[in-house]
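Order of writing sets the labels: A, B, C and D. Residues in every chain begin at 1.
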Amino acid sequence: MTKVIISCAVTGSIHTPSMSPHLPVTAAEIAESALGAAEAGAAIVHLHARNPQDGRPDQSPEAFEPFLKVIKQASDVVVNLTTGGSPYMSVEERVRPAAVWKPEVASLNMGSMNFGLFPMLKRYKSFQHDWEPAMLEGSHDLVFRNSFKDIRYALETLNPTATRYEFECYDTSHLHNLHYFWSEGLVQAPLFIQTCFGLLGGIGAHPEEVLHMKRTADRLFGDNYRWSVLGAGASQMKVAAQAAAMGGHVRVGLEDNLWLDKGVLAPTNAAQVTRVRKILEGLGLDIASPAEARQILALKGGDNVGF
Amino acid sequence: MTKVIISCAVTGSIHTPSMSPHLPVTAAEIAESALGAAEAGAAIVHLHARNPQDGRPDQSPEAFEPFLKVIKQASDVVVNLTTGGSPYMSVEERVRPAAVWKPEVASLNMGSMNFGLFPMLKRYKSFQHDWEPAMLEGSHDLVFRNSFKDIRYALETLNPTATRYEFECYDTSHLHNLHYFWSEGLVQAPLFIQTCFGLLGGIGAHPEEVLHMKRTADRLFGDNYRWSVLGAGASQMKVAAQAAAMGGHVRVGLEDNLWLDKGVLAPTNAAQVTRVRKILEGLGLDIASPAEARQILALKGGDNVGF
Amino acid sequence: MTKVIISCAVTGSIHTPSMSPHLPVTAAEIAESALGAAEAGAAIVHLHARNPQDGRPDQSPEAFEPFLKVIKQASDVVVNLTTGGSPYMSVEERVRPAAVWKPEVASLNMGSMNFGLFPMLKRYKSFQHDWEPAMLEGSHDLVFRNSFKDIRYALETLNPTATRYEFECYDTSHLHNLHYFWSEGLVQAPLFIQTCFGLLGGIGAHPEEVLHMKRTADRLFGDNYRWSVLGAGASQMKVAAQAAAMGGHVRVGLEDNLWLDKGVLAPTNAAQVTRVRKILEGLGLDIASPAEARQILALKGGDNVGF
Amino acid sequence: MTKVIISCAVTGSIHTPSMSPHLPVTAAEIAESALGAAEAGAAIVHLHARNPQDGRPDQSPEAFEPFLKVIKQASDVVVNLTTGGSPYMSVEERVRPAAVWKPEVASLNMGSMNFGLFPMLKRYKSFQHDWEPAMLEGSHDLVFRNSFKDIRYALETLNPTATRYEFECYDTSHLHNLHYFWSEGLVQAPLFIQTCFGLLGGIGAHPEEVLHMKRTADRLFGDNYRWSVLGAGASQMKVAAQAAAMGGHVRVGLEDNLWLDKGVLAPTNAAQVTRVRKILEGLGLDIASPAEARQILALKGGDNVGF
């Protein structure tokens, strides 16, 4: 049986520093948290960068450099760089870090959608930085733009670097969009499909919805894909357990969920990795090492990156 | 048992004049085709306007006026005005005709999405008007924008007119977005939900996908909605038959599909209405009259419109 | 696209003469009704025999002879003989007519189950024959016995005659049982699977259940089967429409449903065939002739039967 | 959130002593293993008895007495007595232990089915007792008989004792059968429904099948039931994880599966309880105590049993 790849999304761009003191912000924090996750069993770390002063998402290639060097030096974990960046950014801006650093994996969002972060405004009374509530409030009018042309731009920019993709699919249509690019020959099997559940603007996190995405991907791609899931917020472990029981890989991390239990903030990314391992071990499943993840996903190898 | 509402979408904005000589373009053609559909059994006609010279979508309120008057004079069919307009337009422009004419029903798109019309370029060699291939080609970069703020704008503009909505849902997320507005109290039951299948950028038209949308709507809205379907292109009658067998209402018309059979263009909108009636009659189902549709959907009545 | 095979189950053993004056009982009635169904478009007639005096199911080979001769003489319709007989009979008794007459198709029940006919007692006040209420009442304790050994007995008896099968599957487990025999090499593709909905003791007739059976068969058999459906009672046309929209074949007939519309008894088997044709025509689907059905199901031909 | 009830089925009647040295056979072994499971976290123990000499299923009430006394003395775990016994027994014989000992819970099989144990013959070369291979071989012709009348007999015998039920449902039809008895008023909410996956003769253990049973039960029973699952053999933990992620209760134990990991026999029932707890803890779910299980299932209390 295939081993299970744990991806850990260390910081993302959705949550803000005021929501959790444990959200990694500086390059040092991101590096340390990523390495902790790898140590705990994550084979892949999915990385965003932030402005070290105020925690704002920073998609400049330079912002990624310090933690990339540290992580590469300390671990053979697979590095996955976001091209999602923040939904407020242009696709050119979003693709730049991956284009410069040529990681083994880059995330790629497979469709346009609303991105409703504003429900989080109800949960937090005060914020350290003005940009935080402004960003959440702005999501009322936020369209995360990933047109066919945008996606093609990302593929044509990154394909020459032999970077492969974590295709982030937030609803059925994103799978069909991916199928279009697959039919066009712009993406190659094995496709690493990250189905994403529970964010307002995307599909929900009900078990029917998780199975629906799997069933649709099976129909469209047969054996040509590797399935992974992420559940936002409180659905994180439920979605992971359901998917793991069905043969899927799992993503955890503070990008997707700040919590460990009801009312208990996750102290580290590693804590969530450790938690999902309990489920996998209960299922009798083995955890993939970075080397095994490279094989499962047909990656180019940690020695072929640009950092 | 509830009777089945047949909606007919007479011309839309996706297909272009070169694709079928039967596509209604002028106000007279639109009126005639709408009345033919009503005569054939449609209880609701969903209407767009076009520039009479070149067939380009025209969302100015004046473009709607001539056929609205003719239709109202000749028939008690329920009039449903698009607020989708064309995906290239701003929401303010799209909402204007419904704001001015205050129809019983206005369509409302429940989320942002890619709108991939470009596959049609492969099927047509030449076009009568330059705008036609340009519009299709442009869809590579087309994001049909319906942010939460956009939708709220439409609702706040139209709610005071007592217009009700045909909520067009092209994927699971659109149902969740609708649920958000329902939770906020901005929309009222019975919700008329048009689930839309088979357009690139939205969910596909596989029977699993049709049932998935129904199942999700059942879970989110219980008895508070009335379900209708439209299948794009060749899926039109299949999607209608599946939904009718499951208790749903159906939409047909040249906006969604230009064909009657493989290789046979539909000569009129009425021809598709007549065709779907065969399915309904085979099922032993009765067709709703406009009056019955008004009751099922709790509409304000044809005497309370602005035209 | 494949044409649609309409099977017609002319009389069966579940309904009784008191329930409808139109239920064929004598050999002459069965022959006439079968031929009428064929004339109306059925490519296959599924046949049981009854005692001409009291309508009781009669599984003696001699009871089948008179109508087999008439039907063969008058039509090229495919003849399908029951091995279900009545759930009260032993498998040896049930298999005998097919063993003697070597039809192109014989039905075969793929598992044991309760067979709850007693709810029909509530609908009928009086009966012409004592055996009728006794049979219905007896179904409280009726187990329709089709053990693995029983099914193997039927296959080993009929396989040498080159008869093929209509595998009647009343629930998920019956598909798995069939898969077992397929894995053992006792049955050959293309498998003609009749999924049966809405009888108490089997799966229900909800659209979710219809799709579930299709989905399970797809997973177990891939392209190695041809799918057909029958819906009991009021579900008959709904199940047919859903399946036809999904690429399935359909079975109608008075064995499965005595009605044409709510409160209207079907005057003939042909009336139900005609009714389901409306659905198929609305879908733009072509009806398979007997010759086309023979090709789709890989049958031995009407000249290779034993009557 | 409701806590999760772990049931442990300690020995059953399907597996035989030659298959695992750890299968409890004598009353002392059954008591010890049940208590170990309770200690490990099982709130309910589901119990069969066996002949202490040769391990053959023994459904005489006397066979249950010794371990019932020991268990009651040592633990407040909820005792659940089988009325399935062995599929070879008559319903009268099967119901007797529960009728005599009046436990808080008795299992009840909700339909007739084939029971294909013979595939296990391929895995074992030799047996200690002649009855073992004979029992497996005999399952080719085994119909586990649970007619409507049989089930009614069990209910009418046990309802007066205020015993409640673990309704064992091996396929969709069993849920519909249960719904029939619920409609008739013979069973009362909250119904404790044990959906059983992966035994040849019943539904399989694919995630689609697990969700199908849940979805069907939701449709038939709404909030009137509590859902539990058991997966046979290698599917045990997968089915448990999927169900737990969906809000279900879980059953483990050597009746359902002899193994802990591929190639590793479970040394005790407790080992499987401990294993499933890892999954539940990974999910952040709390385990129900016996007292909490009594509340969730509305049981009569351990002081109201007949032992």
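Here is the rule we use: a contact is a pair of C-beta atoms (placed from the backbone, for glycine too) under 8 Å apart; a residue touches a chain by one contact, two chains touch by 3 or more.
These are the chains along with the protein names UniProt gives them: A, B, C, D = 3-keto-5-aminohexanoate cleavage protein.
A quick note: this is a predicted structure, and the numbers were derived from the prediction, not measured.
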Is it true that over half of the residue numbers where chain A touches chain D are used by both copies, so same, or is it different?
same
Farthest chain from chain B, comparing Cα centres?
D
Calculate how many whole Å lie between the centre of chain A and the centre of chain D, each centre taken as the average of the chain's C-alpha atoms.
41
Express in whole angstrom the distance between the two chain centres, defined as the mean CA positions of chain B and chain D.
52
In chain C, which residues are in touch with two or more of the other chains?
208, 215
Pairs of chains found to touch, sorted by chain label:
A-B, A-D, B-C, C-D
Touching chain C in the complex, chain D uses residues 111-114, 116, 118, 139-150, 152, 170-173, 176-177, 180, 200-204, 206, 208-209, 212, 215-216, 219
Of chain A, residues touching chain D in the complex
207-208, 211, 214-215, 237-239, 241-242, 244-246, 260-262, 275-284
